[in-house]
Amino acid sequence: MNELVPTHETGPASLAEPIWKIRWKLTRRSLRQNWEIFKESRIGMLGIILIIAFGIFGAMWPIMINTVWDPMVYDPVVGFDPMMMHPSPPSGTHLLGTDPIGRDILAQLMHSTGREFLLGVLSALITVVIGTAVGTAAAYYGGLIDTFFMRIADIILLFPFIPLLVVVGAMVKLSFLPFAIIMGVLGGFGGITIILKAQALSVSVRPYIDAARVAGGSNFHIIVSHIIPNVLPLSFLYMMFSVTSAILSEATLSFFGVLNIDMSWGMMIHTADVAGYLFDFARYWWLWAPAGLAITLFCAAFYMVGRGLDEVVNPRLRKR
Amino acid sequence: MDTLLRLEDLTMHYKTKAGWVQAIDNVSFSLHRGQSLGLVGESGCGKTSVAMSIMRLLPYNAKLVKGRVLFGGHDLYTLSDEEVRQLRWKEVAMIFQAAMNSLNPVYSVGNQIVEAIVTHEPETGEDEARERVKSLFELVGIPKERMDHYPHEYSGGMKQRAVIAMALACNPSLIIADEPTTALDVIVQDKILREIEEIRRTINMSMIYISHDVSVIAEVSDIVGVMYAGRLLELGPADDVFKRPKNPYTYSLMNAYPSILGEKHDLVTIPGEPPNLLDPPTGCRFHPRCDWATKECREVEPAWREITKGHYLACHNPVRTEHGTAHNKTARRAPGKGGDGIGTSGGN
Amino acid sequence: MKSWKGLLATLIITILIAAVAVPGFAGSGGLYEMSIFENPTTFNLFSATGPQSTVWNDFVSSSQYYTSLYGLAQPYLIFVPSVAADVPSELKQEKIGGKTYYTSIVKIRKDVKWSNNTSLTADDVAFSYNAILDMDPNKLGGNWPSIVDPEVLERVEKIDNYTVKFILKDKPGLAQWQYGVLQGYLLNKSYWEPVFAKAKKAADPVKELFAHEPSGEPVAGPYMHAKWEKGAFVQNVANPAYAMKGEVTTFYEDGNVTIENPKTGFKWQSGKPTGKVLLKVTEGPNAEGTLYRILGNQAAAVMSLIGGQVDFILNSLGLQRGFQEQLSQAQGVTTIENNVNGFRFMMFNLRKYPFNIKEFRQAISILIDREYICEKVLQGIAFPQYSVVPPGNSFWYNPDTPQLGKGLTRTQKIEEAVKLLKKAGFTWEVEPQIDLEKDKVTKRGKGLIMPDGKKMPSFDFMIMTAGYDPLRYTFGLNIAQWAKDVGIPMEAAPTEFNVISDALFETQDFDAGLMGWSLTAYPDHMRWFFHSDQTGLGGFNPQGYSNPEFDKLADEFMAESDMDKAREQAFKLQEMLADELPYIVLFDTPLIEAYRSDRLEYPYTQILSGLQRYGALTSTVKLLK
Amino acid sequence: MRRYVFGRLGQVILTLLIYVTLVYFLLQAMPGDITMMYLSNPKIPQAAREELKKQLGLDQSLFMQYVSYMKNFFRGELGVSFSQYPKPVWDILMEKLPRTFVLFLTANVFSFYVGFVMGKVIAWRRGKVIDYAATVVGITFWTAFYPLLALVVIWIFAYNLKWLPLNQFIDPRLWSAAPFTANQVFGNMVYGAAIIGIGIFFIFYYLLRGLKPSRRSRAQAWALACALIAAVLFVAARKGMLIYIWDITRHMILPVFTLTLINFAGTMLLMRDSMLETVQEDYVMAARAKGLPDKVVRDRYAARTALLPTVTSLVLSLASSMSGGMVTETMFSWPGLGQTLFAAALSNDYPLATGALAFTGIFLLIAHFIADILYAVLDPRITYTGQSGV
């Protein structure tokens, strides 16, 4: 314990600690403070709990398939249980039953969880990285760069998102990665740029930016160390909403059969649909309810976290 | 004179994440019809909370711990919401701290006043109400044809006047003016204050002024109350309190402001910061900043007592004029003066 | 503020209560109601058969309004005269204007009337062919070139009011003659002649013709157009002048058919019918009309069927398994299953090494356990198939077609495949080992070395995406798995349809793929899919199969105009293909359909490709209520 | 103001140009074309395929195709559909527009209204049970898997309870004898609704414009409004259209309900956030101090200004729903623009798909424009002066 405490008391000017360490401390402190605020939001906490639950659920997949489950039977894509008629209702061997071609629903659900995380987070990350970079650049440099990116955002906003993706998907069946990237890029250059730019703009007029400029900081340095940290919380907030929209889009497109993805929650419902089981909802509930609920809860979880973050980022929403 | 408003041991706390904030603690005073009371104190000392308590407009996390607010004989906190609602504006009106923002930007100013009248006097027709608004506008000095304009079309001073007109709309028996003029420049400030005073006197209305600005309070109040950290430290006739402050805080406050009467004297700042009301100091709440604090001050809460007729005080160690030597501590930070500051400011 | 809210709330509540309380509109008993899933796009026969030849257009208009000289008597699909009075005369060589043509005389029934009660005469028949020839069937596109084939047909001449002469450029095969020209649509001359005349004058005659929207067109089929509410429904009404109403078609055990019309006294029979009567079918229409509801999805159609708003679900793909299960328990609903005329298959690019080695393909075919996938994995949704002619097409199917590897166990299959591969000169870095007793693969093969000594590179096996066709997808994944077991480096690559299609027909750049065809009754597809003249870009032999012996046999088959001889040749072709394996045929699915048996009665429900193939039997169905 | 409008207009046209170009080339870049469908039938000769390409202009270079497309586009022609050759794309879109418009206008207005009221209530009761409950329920529906939800709703209300018609937008059994086309009826419904809507607005506006209208003027307003509705219905009845209007209305209930369920949370949460900001405004406190009834403070003070951002979102969502109804239209068999777009994409009908997307783009651009102006109307603080142009 004692080693961690600096032995000599000096002012910050002497920079006994490397600057990054101080930054890290500050970051940690602000994270802790923000977490305190976030904790206040019950909706946000509900979201966090749900996400953790999904995380655990998804993490169980590699464990289960490598220990308990026989891949021949429980593989989510090519697995098959020859012992029973399919689709079979939930039973001891298949806790959530099997789908019309004899694959275990629980295995599919678990396997897909990790994929949905990947899809959602990847596309959201792309969105946010692009949105933040473009937004701050547009705000900081202004002029032509600003106009250019804002016009792009305007145009992207004109595209009806889902229909366009369905149209594209109908012609080129998108597979997992390209889909995540397209979602990410379209999102990144679209509406989020405008929002993040506005935020960056409000930061870049603050006096300390001018001070940094006068002190001879390079543009890049100013953007990276002064503007971006102030835009990041908002970026993070929109990342949550991007996850929701990526997952929902994936599900909808899968439902229409215009994606080239071997397994996902949307595909599970699509499989039930094309096999004609999405009709008597009470009888074949295990074919749609687990996947349908998973989609809804997963998306809702991220959305709720977004709502919680909103109260951190936007002080006007906070309770006093 | 009959008593219009009476606060008895009013204690009100706010619940926050960190704990209970003791925003008002044992505040008692009474106000007669036609009288004007000035509440003075630093920001965050609970002045506005007292005002809101009187309006019964407390935030959702506020809790009345004890005490009563008697208005015209009714205990406000035993009335139903509806009864209180009807009392508001009809009996107690308010001029808000930020007049600029207390007008709804999307309705015309006139309508907002008419609305208040029509709500509280159902028998008054709308046209009649508009007529009254016109005369109110005249009274406060706004051209009456501007009543159909929107707030953003008004200048700051005009908005302030409009807000005053609004407060007067229902002929209330009491108007609480919370920093009525803070946002205005000094000349306009003065003018408006005079106008309010004039109107008040004409219609024999009670008034509570709330301000951190001693000069404002001094100009318009019959009685002055000094608040600190949720407590009333001193209350008495304006002349008395300003000329012969008994509480060291009052005394410092007098010195912290330019003389009301324009006499030149050096300002004395009050060292330290107001305490955190989550965990206020024991004993006298002012003791950590008080130069004359004794052990008793630190441990025993001073009682609220009447020292002369109408002059109340809560202090173990009141300021006496002879106290000159003791005052030198203050002078440390305001060199050369202050010791007999009372003499200078109160010598008049 | 408050008042209008109240008003609005009252309004909405009133509407809601009324909507729930007031019942829907009851069906009128005389309508045969079906559901379709896509909008018909046109009621103009020329576009409906040309560029807009969708199955939906065919369901609601082409198959309902028009007749032809000859047709296939359902359900046995026997070639019979329809508007013609008898079979066409033998083809004769004849010199006309210095050129040699083949000609045939066709007599027309005298009792056939258009819906406006005028007679259908030789003028109409000749016009139906000549007008289209003048327009250029290739420009009309779609199915026109195969119906009025300009390569074959020169002209149709009117001999007298009820006799026409077909003048042909060349001696046609069955496909072009009986199954082509003679089954062409008949048009009303007096209606269409001015339309054609006007089109001819336009800058783009074809466009002008397509743009024509028929109204009041006289037709000779069982139904005529009544109403089209775009996006909602199409209604047809029974043609009051339909000549064939009440006509009885009798099928005999020996394959002969008689047609008798008690009303007009028309009679026809093929050969000398003897033996047991298999079936008697009386032509309708018995319904006052037909109604096609356009529904957006299958679930809606099934719910409507159970709810009684729809009597039959028209869908060329039939119903899915799940619906069948649930419908079979619904009151008043009967489900039926029929074989389909088609197959799904796997193919290799035979231009590439080592796919051109026959033994390699045979080994793959043996490795594929069609029965296991169909019965176990797909639960009987699909049935295994080995020949390019499905067994359901009983006249043309050769029951002796070899079925490689059928009935072998997993390890026996591997053993056989390894034998074949070794025979062709393949070797392994690690040879697969099996335990026949336990039916287990003890060591998976690795590093297949081709006969030329090089290690076989891994190749892509394009399969459909799971969303497009889960069955082919499942099959494909399993095939790749089995291939890998013996060391064949096959990678299943789920690919979207357009890309596969592009690779096959536009670039021919592929290694292996999984596709499907649906077929016509006459198996001339064997010529189109495997003849070496189809190997060019855009041809129908993208796998590049080229075998002069096969070409010769296929040409002979196509030119043959005698049914029995053609059948023999077809059998030979099938055997050859099953050995050479330019296609490795895998499976097909039965077609599941459902109808309201408490409202309808069909004369038969067993027919190749199901009732939908024949427009849900609108002209012979009987309504019970 | 004028300079602003013209500036915006120029911007709109430029954006539209780029947008249409993008859509055009995006769709062209997709593999496959319409003549692919001929590939499935070996009996169709290559010559026929070439002819079709020529007819559709696919034999020209891509650039030439684009130039002629854009020329036509600015002449107000969207070309000729491939899959329904030679029907003009414009005709096809116009045929679908009324259905899409009526359904989604209604659904949007409903979900907006529900969301607005709910948002208002939960913001006012922040931290109470209703706040959490409504937020959680709202988010759950908002993130619900829409196609599934639609099917479940149909299954419950139409199939099991048989309260409402199963599918489609009209009942063919009724309409088989109808003297009108559905689009005529849709058109009349729009007129009727507009007359009733505007009429009632003015009646209530004039008769009840004061802060405290008398009982008499209230009664008058009611009577007049009812009379207006009765009159419109009477005219419809005289035309023989009433029962058809009724039929369409009945078929609209389920999709509108489902759309509302899915969408209300969007407006609700937006409204909640927006209002949480306004309730902290001094004028809201002032209004309460004035002794105005709670509801008046909430509605006229807090909600009224919080409305602004939500109205913008309404206008934009209206415009985007003009194409966004693909799922709804498929699930409820409501053949509108969304289904057309989907079908066009599936059949490689570029002109139709481009046209449908361009159509949406135009709608959205107009909507942005309207939203700006609406903003100025609703918020007296905003004026568009010459300087703020572009």
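Letters A, B, C and D mark the chains in the order given here, with residues in each chain numbered from 1 onward.
We take it that contacts are C-beta pairs under 8 Å (C-beta built on N, C-alpha and C of every residue); 3 or more make two chains touch, one makes a residue touch a chain.
Bear in mind the structure is a predicted one, so any value in this text is a computation, not a measurement.
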More contacts between chains, A-D or A-C: A-D
Chain separated most widely from subunit C, comparing mean CA positions: B
By mean Cα position, the chain sitting nearest the middle: D
Distance from subunit B to subunit A - Cα centre to Cα centre, in angstrom: 52
Distance from subunit C to subunit B - Cα centre to Cα centre, in angstrom: 91
Distance from the mean Cα position of subunit C to that of subunit A, given in whole angstrom: 46
Centroid distance [mean C-alpha coordinates] between subunit D and subunit A, Å: 29
Overlap residues in subunit B, where contacts from two or more other chains coincide: none
Contacts with 2+ other chains: residues of subunit C: 299, 303, 498-499
Shared interface positions of subunit A, touching two or more other chains: 171-172, 278-280
Subunit C - residues contacting subunit A, complex: 298-299, 302-303, 319-326, 376-379, 381, 465-468, 470, 474, 477-478, 481, 494-499
Subunit D partner contacts - residues on subunit A that touch it in the complex: 42-43, 46, 151, 154-155, 157-164, 166-168, 170-172, 244, 248, 251-252, 255-256, 266, 269, 278-281, 288, 292, 295-297, 299-300, 303-304, 307, 310, 314, 316-317, 319
Residues of subunit D that touch subunit C when the two form their complex: 30-32, 34, 36, 38-49, 51-52, 55, 82-87, 95-96, 99, 151, 154-155, 158-159, 162-176, 178, 181-182, 200, 204, 208, 218, 221-222, 225-226, 229, 246-247, 249-250, 253, 299, 329-336, 339, 343
Residue numbers on subunit C that touch subunit D, as the complex places them: 1, 3-4, 7, 11, 15-16, 18-20, 22, 24-28, 31, 33, 38-39, 41-42, 47, 51-52, 136-146, 204, 206-207, 210-211, 226-227, 229-233, 235, 291, 293-297, 299-300, 303-304, 306-307, 309, 498-499, 501-502, 505, 517, 525, 528-529, 534, 538, 540
Complex interface listing, subunit D residues touching subunit B: 127, 210-212, 281-283, 285-294, 296, 300-301, 304-305, 378-381
